[in-house]
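Take a look at these structures.
Here chain A shows up in two complexes: once beside chain B, once beside chain C.
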Partner chain A sequence: MKRNPFPLIVLFLVLGFLYLPIIVLTANSFNLSRFGGTWEGFTLNWYQQLIQDNQVWVAFVNSLLIAAGATLASCVLGTTAALALHKWNTRLQNVHYGLIYTPLVVPEILMGISLLLTFTAIGMDCGLHTIFLAHTTFCVSYVTMTVLSRLQDFDDSLIEAARDLGANAWVSFLKVQLPLLLPGIISGGLLAFTLSIDDFVITFFVAGPGSSTLPLMIYSMIKHSPKLPVINCLSTVMLLLTFVLVLASRAFQNIKQQKTPQRG
Partner chain B sequence: MPMRNRRWTEWALSAPSVFWLTIFFVIPTLLVVAISFHSASPDGGIGKEWTLQTWRHLSNPNYPAIVWRTLWISAATTAGCVVLALPCAFAIARMQKKWRAVMAGLIMLPFWTSFVVRVFAWRLLLHPEGFLKHLLLSLNLAEPDSQLLYNSGAILLVSIYSFLPFAIMPIYAAAEKFDFSLLEAARDLGAKSFLAFRKIFIPGIRRGVISATLMVFIPSVGSYVIPDLVGGKNSELIGNKIYQRTFPDRNLPHASALSAIMAIGVLLPLGAVALFLKRQDRNEALRIAESNGVKQRGGAV
Partner chain C sequence: MKHILPLVAFTFIVATLTGCGPHKPTLHLYTWSDYIDPKLVSAFEQANNCRVKIDTFDSNETMYAKMLAGSGRYDVIFPSSYQVRLMAQRDMLQPLDKSKLPNVTAHFSPAYARIILNPEMVFNVPYAITFTGIAYRKDKVGAAEISWASFDNPAFKGRSSLLNDFRETIGAALKTLGYSLNTTNSAELQKACDVVLRWKKNIAKFDNEQYKTGIASGEFVLGQGYSGDVAQVMLEDPANIGFAFPEEGFSAACDEMVIPKGATEVALAHAFINFMYDPDNAAKNIQFICAIMPNEHAIAKLPERYRSNPAIIPTLDILSRAEVLRDLGPANALYSKIWDTIKATE
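On to the complex of A and B.
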């Protein structure tokens, strides 16, 4: 039967719509024209200005530190959470699941303001440490979901086999389950890293003086500085970084799927 | 393993995340409500005494207008996203397996990128000297002095752009399981393709549509970056007000009360769906969460 081409046309238009701003932004970071309405020639000037900006480097280091810390912490919390959620189906786990799931759907601004209020109420000054706490909080849910979905393909009989061969629960976890789960954890960790590097709203609320990150930097440049083309460059660099991290995360997910023996 | 031992292991594995999320998610959320009943202290902190003053202040007629604008823009964004997502999800679900994965990846990819970067990209496109303005001028579709930025239309456009994948993914997840032979049967019986789409396909993927509606509506209500960067003075949303009360005005109880209102706008639809999903099995909920890419950064939303 002849298929109606309409849905396919809409799909391609939508893909164009999704990528148009990204492509124009990237192209403009190499454009001599300040506002990018027209193409006036290729230049690396803006990138040169970007590299020479000290504040950008400070923000870059802050972003990396926070992302690394939040990734490590959320990988530990997320993996234990996923193991518990996978293994038991008790009332505790229902509550646990709700705790993990809800932050995924709550608007970021609510999370940002509630954390700011908490830090203010206990008299904690805001800075890199408060950003780390906030980022870990939203990353936990993403890591848990990623590891949990890996666990669902996991062949539990491998653990039973290890136990039958005399390994205790701890050894079978360390030697059998963890190595097989590792690509899933890395995949979740890479997503956490991406989310942390890219987060704006929550960071904005819990950041203090001197704790600027890359997205905060971009925002304040948009608001206060006329250096439009330099923002293009910084944005392009961040887009590239995100694409690499997300593709790496996907690649790790796939490793796992190939190595796990298929059941039934 | 003895029963007591198992119970202990379960607690040991659950405790880290349960405690962390209780301290940094549950308690802060409750604190928002509590602080809205406190007074503001002159130094920008939170006063000790309890008061209803903040809530009384919110009956000021400015606020209902902002709440109303937030709701209609969110509703329009949701409608726009679902209308665009339906044909997209349909088209992807009919592709070969290999292409489906590629397409789903292509749709999600931009949405892991920084929210502020994406909104900035639109600011650039809609700029008076920008690409889109030049394009529209050369096609005679715009006047030289027409303003593309800083209005509700710009907020709507960028919101649809930002939240579209949250609509496509759950609808696609449902469409992937849809039995397309039903459509062929309908067409064999003489239904035109659009009629079959409307009467057979849409009801068949109802659950995906419900999920998509929520996943777009919730971050829209919480929107702050979009109205701040592409909206104008006359298109403020609740998110902007929360920001204003938190930073320039430094009135935290006021910001809390506004956040509590926003939370109600989010929790009501969410609660309805939680009840709905309770009847489904948990894997289903998980799959929907995953297919949403579970991302808000939109939330940035």
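On to the complex of A and C.
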């Protein structure tokens, strides 16, 4: 029987579109030519310039701080919101669900402008803290949705069993419910982290003096910087970081899954 | 351990957000990307016992939006001349205290006053002047004289590019016809439109970025371009790449340093502008950005290969042909209408 070659072609096309740009970008970060059109030889010069570029590192640290802070805050807020939504099915909770859901569909530019208007209205100077608040605002929705979907498969009788066996509400949450929800929280957190670290539109509006994040910096470099390849290097480093992060989270989940049956 | 980790992270974030450590004044700059020599920034930090934080913008419009929205409390910003005018009209700038800028008074070169939009320098001090001319391959143009008319030359068919900027491109055509870059006469503009349409048949494309690549690799022979950009490419291949200031005339543009209203470190901002006008510092910075600051004594301190490169330091004779681009306000619509026609015509 002859196999249909069509799926294979589609597969390669899709893989090509997804990964070819990344390969081109990585290759260009080693290209001697400053303009990237032609291959002129191998160099590590751009990486050296990247290491020496103080401003890039300041922006990088800003991005990491905001992403870590927003992830942490949105994980806590998002999980509690999901628990509340799961536990009570009242009309008020329907409104709550709607409110949480809205940021997922509201255009980013609207959110950016409205946040900026709010901050200026209450006289808050823009800076890292306003970016942190803004990012937490949209990350909460994503974490809530992820945890909520995890809660849908959650067997509530487990908590009842724990309470039966003498655990109080706090202990049953901490020792039973939280560990079971953890993979959901972590994947929600990872989603929040990646969304926060590459957000441009909202950050553009709410950033103030001295709080440039990496995306803001890269955007202003693209048009005017005489050292474009440094951006390629930076993107390559960020890609590597992302891969490490994804692999780490996969490994973490595997460990969890292996452990659970032994305990259970 | 599990409970300590978030606590540590939280403390760390709070500490960073509130800014712990010895409190130094911080000067906030808002400028173009890679537009100031980082060595000068650290020298300024040491000399004034302060910190300098730099944020960057990609266009005057981006910067303007940010300042209007009120989220940009910067001390020194670097807009182009026409934007300075607009901001001054909108009462967004502080008048500069000349007594705190002795270097500017001592070193500003009056030869450049004609091509600066705001030569009274009430709110602004010129930072860098660039010109729009023609980048070309010395090895491929032969003996041909390079001017705007070269874009008609069939020898360069398909191997040249014009800028994708309606003021610059139509401006070049206006200059070819002997008119002002800032004309609002519709008959003159119509003639310029015809010239650009004629050029369009001969050039490869309208382009603002890739022409540098094309010239550097030799794929293109001619390209209308900005002197600051082309000077960077020239320094890498001085034997083969040249920059022509067309006989017919060309445009000049200037980025300036201004202090916006709402700046928190006004004294430090003045000190910074003064610092940048010190001839030694200015000379270092000119080499970094490859564009001239109109500082008479800094120019004398430049190394020969910079001083003899007209794309960076044009002679006074060349300067006399430059015309500054003015913001035309509502008349901009005349240009964009013609530009639409040009873009739509095959």
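We adopt the following convention: the second predicted complex is superposed on the first by the 227 of 264 C-alpha atoms of A that agree within 3 Å, B and C clash if a C-alpha of one lies under 4 Å from a C-alpha of the other, contacts with A are read in each partner's own complex, and residues count from 1 in each chain.
FYI, a residue touches a chain if its C-beta (ideal position, glycine included) is under 8 Å from a C-beta of that chain, and two chains touch if they have at least 3 such contacts.
Note that the structure is a prediction, hence the values are computed from the model and not measured.
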{"item": "Which superposed partner A:Ile222 touches (first chain B, second chain C, both, neither)", "value": "both"}
{"item": "Which of chain B and chain C A:His129 touches, first, second, both or neither", "value": "second"}
{"item": "Touched partner set for A:Gln55, first chain B, second chain C, both or neither", "value": "second"}
{"item": "Contacts of A:Ile159 with chain B and chain C, given as first, second, both or neither", "value": "neither"}
{"item": "Partner chain in contact with A:Tyr101 - chain B first, chain C second, else both or neither", "value": "first"}
{"item": "Chain B versus chain C as contact partner of A:Leu32, first or second or both or neither", "value": "neither"}
{"item": "Which of chain B and chain C A:Leu64 touches, first, second, both or neither", "value": "neither"}
{"item": "Chain C versus chain B, contacts on chain A by residue", "value": "B"}
{"item": "Chain A positions touched by chain B in one structure and by chain C in the second", "value": "34-38, 116, 120, 205, 219, 222"}
{"item": "Chain B to chain A touching residues, read off their complex", "value": "1, 9-11, 13-14, 16-18, 20-22, 24-29, 31-32, 35, 45-46, 84, 87-88, 90-92, 94, 103, 105-107, 109-110, 112-118, 120-125, 127, 129-131, 133-134, 161, 164-165, 168, 184, 187, 193-194, 214-215, 218-219, 221-225, 229, 239, 242-243, 246, 252, 255-256, 259, 262-263, 266, 270, 282-283, 285-286, 289-290, 292, 294-301"}
{"item": "Contacting residues of chain A [partner chain B, same complex]", "value": "1, 3-4, 6-8, 10-11, 14-15, 17-22, 24-25, 28, 34-38, 76-78, 80-81, 83-84, 87-88, 90, 92-93, 95-97, 99-111, 113-118, 120-121, 133-134, 136-137, 140-142, 144-145, 148-149, 152, 169, 191, 194-195, 197-201, 205, 214-215, 218-219, 222, 228, 231-232, 235, 238-239, 242-243, 245-246, 250"}
{"item": "Chain C partner contacts - residues on chain A that touch it in the complex", "value": "33-38, 53-55, 58, 65, 68-69, 72, 116, 119-120, 125-126, 128-130, 132, 205-212, 216-217, 219-227"}
{"item": "Residues of chain C that touch chain A when the two form their complex", "value": "6, 9-10, 13, 16-17, 26, 28, 30, 32-35, 38, 53-59, 62, 69-74, 209-210, 212-214, 216-217, 229, 232, 236, 290"}
